[in-house]
Structure formats: structure tokens, C-alpha cells
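Order of writing sets the labels: A, B, C, D, E and F. Residues in every chain begin at 1.
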Amino acid sequence: MTETTFRVDGRANDELRAITIERGWSDQAEGSALISFGRTKVLCTASFTNGVPRWMAGKGKGWVTAEYAMLPRSTNSRMDREAVKGKIGGRTHEISRLIGRSLRAVVNMKALGENTIVIDCDVLQADGGTRTAAITGAYVALADAIEWGREHKFIGQKSEPLIDSVAAVSVGIIDGVPMLDLAYTEDVRAETDMNVVVTGRGLFVEVQGTAEAAPFDRRELDALLDLALGGAVDLTVLQKHALGRDA
Amino acid sequence: MTETTFRVDGRANDELRAITIERGWSDQAEGSALISFGRTKVLCTASFTNGVPRWMAGKGKGWVTAEYAMLPRSTNSRMDREAVKGKIGGRTHEISRLIGRSLRAVVNMKALGENTIVIDCDVLQADGGTRTAAITGAYVALADAIEWGREHKFIGQKSEPLIDSVAAVSVGIIDGVPMLDLAYTEDVRAETDMNVVVTGRGLFVEVQGTAEAAPFDRRELDALLDLALGGAVDLTVLQKHALGRDA
Amino acid sequence: MTETTFRVDGRANDELRAITIERGWSDQAEGSALISFGRTKVLCTASFTNGVPRWMAGKGKGWVTAEYAMLPRSTNSRMDREAVKGKIGGRTHEISRLIGRSLRAVVNMKALGENTIVIDCDVLQADGGTRTAAITGAYVALADAIEWGREHKFIGQKSEPLIDSVAAVSVGIIDGVPMLDLAYTEDVRAETDMNVVVTGRGLFVEVQGTAEAAPFDRRELDALLDLALGGAVDLTVLQKHALGRDA
Amino acid sequence: MTETTFRVDGRANDELRAITIERGWSDQAEGSALISFGRTKVLCTASFTNGVPRWMAGKGKGWVTAEYAMLPRSTNSRMDREAVKGKIGGRTHEISRLIGRSLRAVVNMKALGENTIVIDCDVLQADGGTRTAAITGAYVALADAIEWGREHKFIGQKSEPLIDSVAAVSVGIIDGVPMLDLAYTEDVRAETDMNVVVTGRGLFVEVQGTAEAAPFDRRELDALLDLALGGAVDLTVLQKHALGRDA
Amino acid sequence: MTETTFRVDGRANDELRAITIERGWSDQAEGSALISFGRTKVLCTASFTNGVPRWMAGKGKGWVTAEYAMLPRSTNSRMDREAVKGKIGGRTHEISRLIGRSLRAVVNMKALGENTIVIDCDVLQADGGTRTAAITGAYVALADAIEWGREHKFIGQKSEPLIDSVAAVSVGIIDGVPMLDLAYTEDVRAETDMNVVVTGRGLFVEVQGTAEAAPFDRRELDALLDLALGGAVDLTVLQKHALGRDA
Amino acid sequence: MTETTFRVDGRANDELRAITIERGWSDQAEGSALISFGRTKVLCTASFTNGVPRWMAGKGKGWVTAEYAMLPRSTNSRMDREAVKGKIGGRTHEISRLIGRSLRAVVNMKALGENTIVIDCDVLQADGGTRTAAITGAYVALADAIEWGREHKFIGQKSEPLIDSVAAVSVGIIDGVPMLDLAYTEDVRAETDMNVVVTGRGLFVEVQGTAEAAPFDRRELDALLDLALGGAVDLTVLQKHALGRDA
């Protein structure tokens, strides 16, 4: 679509990085996916437990939650471990909550029944877009954990807890130009940075736009949303393919 | 404007709650405001310190940061204190970071010089919209702290660190109808909830929309942004009035 | 009474600062009071819960406890938040425990029944005497929470959990002269500092005297106790008035 | 003196328990004492360091501080370790602060010079009065650490940092009768409990009286202070003897 | 055995330091011992509780666990308290776990029945070998706590939870020479350091060898194990004697 | 070698699991290896920093340290994150310290110069032997980080900080039979479990043997050490091969 290409890796402005989804990476988890958005690699595992936390019991509804973390040397310079510091930072909290909300938006908790699925998204290598890769991969792990629950009779054969699929992508404005799926060096240069979570049907789950360097106007916002919706369509196709549901 | 009114307090869908800003509430802080959005009351103080954290020193730039907290009985049922639990929750972190980013978006750090302003937003009573009230009140406290810095010669007489003003408001969709400035009981009913931070010139600083109950489409998003921009205009007028700059 | 007046605000040595008690400040709590001792302002809320902690259950007795905290910019220079530091300091612990003991001294736990009242005393602005203001205000909040419990039938109509009222005041020796209700600048100058908690009937609940700069003798101790008992009488009158029980 | 004796161990109401002070118990510390008040045993060590914390440097003054702790099985039933719980409780904080203030009251910080003495009081076995035993033993350890500092030329030969000695004792009212130096079983029965810290010259450093079961009047307070002053005289003699200064 | 003696205290290379075991030191604990390995002094208490942690209940088996800690001034220079730092260090964790495993190795949990014994080993003075002294003393405390359990009918009269006794000793290579029971100054000079836990029958429970300065070969390892087994025989005799079982 | 094979995966008793070492897995770290011991997968990264911690500066020596952690769903059932719990467990501490000591045993700190290398070993999937896989992989990451330091002139061209290589393997006794490199299901059945760290030249760095179910005798210990030394030879070959130094 856009003509001028001036991104480091030669991508068009509306082009995703190379995306790979290695489904079933883990031998231990009920669902898992190692997802790459370019050099960003996130290991997503879904742990299925029959039963729900005590405060939810007896309502016939399930629960889905998520935790995000980065390995200390996933980034260019080593960060201290949050476990060593003895507390979780604000950014980690924020992203864990975002992933959890995004997944819950496509789950029918009644259909899930009194089962709990915990999604862990651990960033093995970071190059921008770790939260969007995490959400996109987490959906694949979640789908498999739900399937596992059905096979093991914790979820009824006719129940379909998944209402829709969900994927996420970052967009931003760099030197006045809207771009899709920012790598780390692009992200630090962006005036405005937005993470958009979209369902397979093209509805918004989360829109989180932040003016990093300069406030943005309505027109810019619209351009970013257009780009994000386009990228989400591609990610949805890749998720379906990974899950073998693309026929 | 909108015809049907069915809000608990009789407001129109595009109407703010009663807003009051008690500027200079604190005898101790360099800037302060006790702001009310209806029954929501937030005490905002701005603490001015000459100098910056060590990692920023020598660059000729200032720093603005914020911390948000709720009194344990600001809400309908008492919450445990985060100090007693020994850690800050994800929501608190998230809002503190949002307030800080929102304020920094309207500050020219070069013009501020090597000075630090810490904004504390403590919710004395909560009835929905605490983060938007906090941002709106924090701007007034910030403006006074900057004025204090100028009077005490820590900021040059000709420097103007404030590029613009900033205010925030919540919007949401309830039973399919977009509404402005949700009270707590409205917030829990909302299908979609959005917090929008806007400058006095009408540019976006943050757009944070979340599908609480159902994903939303582009048309709904547009309607919410329209409402938010309208509310922000009113808040900007009230801020100017509180600061005695409305002439 | 005393002739020479040399206090900053012109008070006599045995004179309290201006005391105001804004009863029912909070819309949320079962009992509340915003109390001022001069520039010191403390928001006291009382949260009533039916039931007691598990370790007390089944004994037919209630429980009253208290937590004290200061807003970070309640003081002249900003303090770090205890929630951010991840632990509560010794002074905070000490005062919370003092408030709790002081209130329990005037409550008949059998008459309270298996109900719990948690008092939160949050210092909004500090100018000396925050713990004594907190105790004095907390009693008003407590009395209203007990009344609430009676109205809501959690406490029997004929039960009277309150045995007596309770108030507190600081006294100290400055340049050899005993004085009542020290403001912050007086407190730092005091050789000896004493906090005295007294019931409405004039009995001692707590006497905490500390030689800050010089040990004190029996005669000085006696003078301080005299002053404190006098101040407590005035505070008791103000509490009754706030509660509308002064006829 | 008093006629009726009804204490478990046959003591008179104004009689201390058997007190032993094993000075120089530790081979490691600059000053130390293992003190017993009956079955209560506290190991007090004083650690002398040349220099003061950064915030005090350059003022020519020293610093004395204290930390108190109980071994987990010093008491009749085992308590969890505070290190395992990851935080120090309010009571521990309170007592550590009390010991530090008590010792500082008899130290001339100018004469101590820029040196720091940290007193550790670890309760090896507890049977009531641990804080008063700790203060009494800590003074002996402190005196030896100061002597050590003089011998090692960190303190001038003519300087005398110790202004006075200091000791502490508990008193309480049991069944209406004032008694000295309460053992644990007496302490739990006491209506009123008071810890009094007194210098060798008979001046008060701290008076901390608490109505455990019933508020107390002025006459009772006076009787308790009399008892405490008497007990402190005996403790001062024992301290002098332990330090070999009783001639 | 070895001819050349060049140890500071004149010991032979295969000779233990003076060992004393003061059994029943504590009036409070069900079992206790104050053990000395030369200047190293460790207070070991055993707390007996009827019942087991919830996760173990209903299996008819008991539980034995241990906690190790050092007083802050047990060492030559004062260490910060772990409770003050708010976390337990790696070394403390490691030694606590080692003591627990060592004791469990000689306990028949079925014969203990659903009872829990917590061993606390608090180092009052440290001069090397604190973990080995702790294990050796802990066994004595454990034996008495088990006896207490039997006397109080929590353990059957015919049950014998103790399968064997257990003791521990350190060995190391200094300047190429293997030596038994290292004092602190020897420990810091050792190229290789090994802690060996041995039962009364001469079987290994733990072998923990570490090359501090230089990796060691099989022959050196064998020499160290020989020394350790010899030392353990002596410790076993002393334990029996302390327990009055040496006839 | 051994005749009877009864291990789940058909291995001989003295046979390692399939070992793979993916050197340079990370684009970010100065050295890295993804190592597998069968299904156990550990990502080892080495972070090189010029300079040393302040307490070591000015001595011309470097520092090597390590941190170990497990992803929450690396194991068969999900574990809580240590960062969420706010503290690091004893086992994690113990293994981190073991890895650090093992690596330091083969590094000449003088030759390393004032540089710091931090090794992170994160277990992505666990099936027994995670600490031995971590040490073996960490050596490869360390070697590459040292090479990186040399290339970037932080280490002299003629300096050789690596004295030797280092690898580790577990051994254990199952039903009386000594076996090499235990998988998880074997580990839980083992009566005795030993981790042995050995240099490329065949010297011991650490020997950590633990009687899990039954104390062991000298003959069993010898058999385990023989097995471990044999396994270490194989691991050394694989390390050399991964580093391209096997010619």
C-alpha cells in the first residue's frame, strides 16, 4: 500500500515482521506456543486446573488470568530480576493485566465451567512488541488448553468457551508516518505508540494509545487504528493456521 | 443535547458531574488542589525539589512524576492498605504511571530546568473516575508548583515549562448508549470503558479503551471519543478558572 | 491562667489550638470525622463489619483496631510512601497500636458482640500532635459506627458498648516551661514530650513521656499530667458537642 | 517492707526478681552482657564502629542505636521468625526504638565523637520484662564499648560520653495492688502495666503506662512511679557492681 | 595420629575442638541444647506440636523441620539482621535446609505419628563450623523433644521414631594438609572445605565438598572422608553422654 | 558397559540422556547456550559488563556470579512465580550459589581483570538435572562472553581467564543400583542423590550427596563418584564440540 519504505529491515509501513508460531512447544503445559515477532520471542504456556479460586466457587463460571515476565537478559542490557528485587514493577503488572483482560474478552466463562486457566508469557528475547506477541501467542496456548479440558471431560463436549479469537499489534507514528508492528529501535523513536487488541471478527478489545513525544490529533488516531485492524487480520490468519483451523 | 436522560443523578449523557476544584488546599505543598467529580474527591499535592535524580543530572532537564493511592475507606467497603500488604497492586501502579505520563506530555523539561516535581494524588473518597479527577486536579497543583519554582528563582523568569494544559475524563457505553464521566454504579454496568486524556488545545495524550463486557466497533469508538473531547473542553475551562487564568 | 505568653500563635501555655471536628465527613464509612488541631488535619473513618477475625470467633466478643498513616506531603518536606518502600516504619506501627489500645479501653467487647470496627486515621496535613488528634477524632467516628451497628441490628438495642469517651493531648516542657498541645515547631524544641490519653471521666488510659533532650524529675512529670488532664476536659466537651450529646 | 506476700515466687510487692549480669559474655563484641531478670535472659552486645552514618557525618557527633529481637522459642509457644515473615512487627519496632532512646538519653554525643555504637538485645528466654532487662543490660554493654573506644583511641582520653547510667523496670497493678518487676504470668493479669526508664541519678527518661484492663487514676499512677524509682535504685547498684565501679 | 601440629590452638589435624553440650538449657522448649565447638556456640531448641501442616494431614506421618540463624554480633563484625533486611539470605536458607534433611534422615515419620517438631538453631557466637555444631546439638534437642512427646502420650509408648543418631563435622585441606573441625581462621585459608553429616552407625547422610580455592582430586576427597568419619565417632560419644545414654 | 537396562528410556545405567547444546541462542547476550539434557531445557546467558561492584573495585580482579530460576510452567504442575511471592526460595538460592561457585572455580579473576560476568540460567522445561544442565550450559555461555570481552579489548589479548572447563552431572542410587543423569521420575525414586561438578581435567569442584531415603555407605559413595567422573568426561567432549574447540 504505502510506497516509501525506509524501515531498517526494509518492511513496508503496513507490514508485519516475520511471525512464527511454534505450537505445542512445551511437553509440560496443557497448551503452549513459542511465538516470534521478528527477533521478539515469547514462550506462552497455558495451565489448566479443574476448579476456581475460592472467591469464585459455586457460580458455575471459570477463570482465565495471565502473568507476563521478561528474562533478565532478554533485552540488550541485563535487567535485575523482579524476584531478586522482591517486587513486581509497574510495567510488568500493567502488561499482565492487559493480557488477562484481552483473553477473557473472548472467553465465555459459563461455557468454560469451574475451571481455571493461567497463561504465562515469558519473554525469552525482546525487540519491541513483547506484549502484542504475548497476547497473540497466548490465544493459541489458550485454545489448546481448552481443547485439553474438553478431551479430559472437564469441559462439556458441546460447550464452546471460545467466542472469538484475539490478537494484538502495535502501531506508532515515526517522523509523522504511521507504521505497523514497531521493532525496538522504532519504538523508542515513535512520537505516539499504540497497542491495539482486536478479535478475529475485527472488534476492538483494547485500544491503548500514548503520546510519547507529542500529543496526537483525531486524524492520526484514525490512521493508526486503520493500520492496526489490517495487521490484526494477518495475525488472525496465522493463528488459525497454527491451530490447524485454517481450512 | 441528548434527549433521553436515564442516569441516576438525572444528568444528560454528555454532561459532567458537578466539578469543584479547591486550589491551594494544603499549607505544606508548593502546589495543591482538592478536586471533586461528584462524590469522588482527590487531594492532589505537588512537591517541588531543586535538583533531579542522579541518573538525570547534568542534562539540564527536569523531571515530573506522580503517585496515586486510595485511602482504605475511600470506597464502599474497606480495602487493605498497600503499605500493610507490603506491596503496591497492579492497578495502583498503572494509574500512577498514567498520571505521570499525562503531566509530562504538557511539560517542556528543558524549560523546567534541573528541578523535580512529584505529584501525589490521594483519593479521599471514591465514586468512579478517580484517575481522571486525579489528572485534572494534578494539573492545577503542577501549575502552582511551577509558579512557586519561578517565584523562588529555581525556574528562569522567562521560562515557560507548561506547553499546554491537560485534563482527563471517562466515557463508556451502557446498554448501548455512550455516556460521559461515569459514576461508580455506571462504571460497573458499562460494556466498554474508556479513559481519555486531552490537552487544552484538544489533542490526545492517552486513549485507553477497554471492552469490559463486549468488544466494540469503530463506530462506538468514534462516539466515545467525541463525548470525551467535549467533556475535556469543559474541564479545561474549570481548570483555567481555578487558576485565575480564565480572563 | 498562666500569665506569660510566648508561644508563636499567642496561645496561653495551658491552651489548646483551635479544634474543629467535622463529623460524618465521609459518605462511605459507617462513622467518620475530619478533625483539626490547628493546622493538623486527620481524617478518621470507622468501618463496621459484622463478624470477627477467625481467631476470635465464637467468644461473643467484638474487636476494635486502628491504622494510622500520613499522606506523603502532609509534612513540610515530602516523605516516601510506606507502600512504595514496601514496609511500615516503627513510628507508624507504634501510633497505630496506641490508637487501637486507647479506643479498646473504652469499649465493652461483650456489648459490642461479634462485630469488628476498623478505624483508619489518615493525616492529611501535619503540624504536631497528629496522634492525639487521631485518637480524639477516632472516638467520634467510633461512636457513630457503633450507632450505625445498633440501627442495623448488629448490636442489641439495649447494649451500650461504649463505657466512656476517650481523648488525647500532647504536653511538653520547653525552656523549662510546661505547655499544652504542642505545634510542630514547639515539639522539636521540647526537652520532654508526653502524650496522654484520658477518658471522659478523667482516668488515664496511656501516659507516654519521653525525655527528648534532658531527663525529667517527678515535679515536672506532675506539672505535665496536670496540664494534660485540663486539656482533656476541653476535648471531651468538644467531642460531646460534635456528637450532639452535649445537652 | 510490704506485709502481704502473694506472688507466685514469694517475692514482696516491691522486690525485684533475682538479677544476674554476666558482663563480657561475648568474645566478639566490644561490649556485652548476658542479663537475667529471673527466668528472662537477654544477650546484649554493643558493636563499636569508627564513623557515623553519612547523614550525620561532619558534625563531630556520634550515634547510638539499638535493635531488639526474640528467639522464636524464647517464649512458651514458638513464634514465627520475623526474618521468615519478611517484616518486623510493631512490638519489635517499638521496643527497639525505646531501648535506643533510653541509651541516647545518657550519652553526650559530642563527647562520643564520630563513632557509632549499635546495641543488639536478643531475648534468649522470655518470662516478662524483656524490654526492661534489655535496657538494663544494654547499658553495661554500652559502657564497655565506650571504654573499648577510649582504649583504641577512637574516643579522647579525657572525653566522658556517659553522662549518667540508665536502667529500667516494669511495674503494674494486679488485683488493685501495685507490684514491681512483673513476671509473665503476672503481666497478663495486670490491669495496668508500666515500664519506667530511670537514670542513676533518679531522673525519668521514659514513662510508658498502659491501661490493659481498666483506666487508672492519679493515685495509682503515683504508687507505680514510687515502686519503679525504688527498683531502679537497686538495678543501678547491680550495674555498678557488674562494671566494677561500685567502690 | 598425625605428627606435625601447626594449628593455632595446638590441636592435632584429626582432633576436634573442645566440645560441650549443655542439655536442657531452655526452660521453655520441649528439648534444647547449648552446644559449643570451641568458641562457636549454638542454641538449639526443639518445639513439639501435636498435629502436622495441613498438606500432610491424614497420612499418619510426622514432620521435622529446622531453621538456622545467626545473631547479628555473633561474628567478628556485625551483620545486618535478616528481619531488618526483610529477606533471608541464600546461606541461611541453605543451612536451614541442610539441618532439616540431616535430622529427617534419622527419624521414622510413621513412628513419630502426626506430630511436628521444629528445630531452631541460633548461633550466639560464631567461630567456624556453625552448621556442624547446629546439627550435632539439634540431634540432642530432637531426642529430648521426642521423649517429651512420648511422656505426654502424643507418641506411642512402643514407638521409636529415632532410627539412629546424627552428627556433623567439617573437614578441609589447608596448605595441602587435611584437617578436622576447622575454626574460622582455618576455614578462610582452606583450599577445599567439606561438611559431612554421619549417623551414629557411620553412614553418610550428607557430603558437601566445595573447592574454595582449588579443585581437588579423588585421593584428597578420600582423606577428608576418613577424617570426617573419625570425628563423627567422637561426636556420637559426646551426644550419648549428654543424653545419659552412654552406659 | 552395564548389562541390565531397566530405565524408562532404555538407557544404560552409566549413560547420559541425549544432550544438545545450542550455542549463541540469544541475539542479545555476549554469550549464550540453550542446553538440553533429555527433556530438561535451560537457557543460559552470560552478560559481560566492564567494571566490578564497588566493594571489589581497585583490586585488578573480576567477578563472576549466577542466577538460576524456573519458569512457572517448566514443571508438570504450575508453580507460583517467586517475583509474585516477593521472595526467592531456599532451593533457588542454593542452586544459584552452586552455579556461581562452580564457574568461579575455573576462572582466574586476575586474568579476567575488572570485568563482571553475570550468568542467568532459566529453566524453560524441567525433567530432572536442571542444576547440572545449567552448570554445563553456563560454561559454554561464559566461554563466549570471555571471548567477547577479549574481542572488545576489555580483556588483554594474552590473558586467559579460563583455567579449565567445568561440567556437572547428577548420579543416584535407585533400588540399590547406581545410575547416571537422573530424569525426574528417577530422581524422586532415588534413595541417594548426588550432584557432582567436575573440571575438564577431571578434578572435583563440588560434591553434594544427600541421603533422600536411606543413609549410604562408603562403597556406594565410591560407585557414585565413579559414575559421575565418567559422565563428566562425555559432557566435556560435548562442550568442546559446541565451542568448536574439539580438534
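Criterion: contacts are C-beta pairs under 8 Å (C-beta built on N, C-alpha and C of every residue); 3 or more make two chains touch, one makes a residue touch a chain.
What you are looking at is a predicted structure, and each value in this text was computed from that prediction instead of being measured.
**Student:** Looking at the contacts, which chains touch chain D and chain E alike?
**Tutor:** none
**Student:** Need the graph distance between chain A and chain F over the touch network, please.
**Tutor:** Minimum step count, chain A to chain F: 1.
**Student:** Express in whole angstrom the distance between the two chain centres, defined as the mean CA positions of chain A and chain D.
**Tutor:** The separation of the two C-alpha centroids amounts to 60 Å.
**Student:** How big is the gap, in whole Å, between where the Cα atoms of chain A centre and where those of chain E centre?
**Tutor:** Inter-chain centre distance comes to 51 Å.
**Student:** Of all the residues in chain A, which ones touch at least 2 other chains?
**Tutor:** In chain A, 86-88 touch at least two other chains.
**Student:** Treating touching as the only link between chains, describe the layout with one word: line, ring, star, complete or other.
**Tutor:** ring
**Student:** If we count contacts the way the header does, which residues on chain B are in touch with chain A in the complex?
**Tutor:** 87-91, 93-94, 96-97, 101, 105, 164, 194, 199, 201-211, 215-218, 221, 225
**Student:** For the complex, which residues does chain D have touching chain E?
**Tutor:** Those in contact with chain E are residues 26-29, 32, 39, 43, 45, 47, 49, 67, 69, 71-78, 81-84, 86-88, 92, 118, 120, 122, 124-127.
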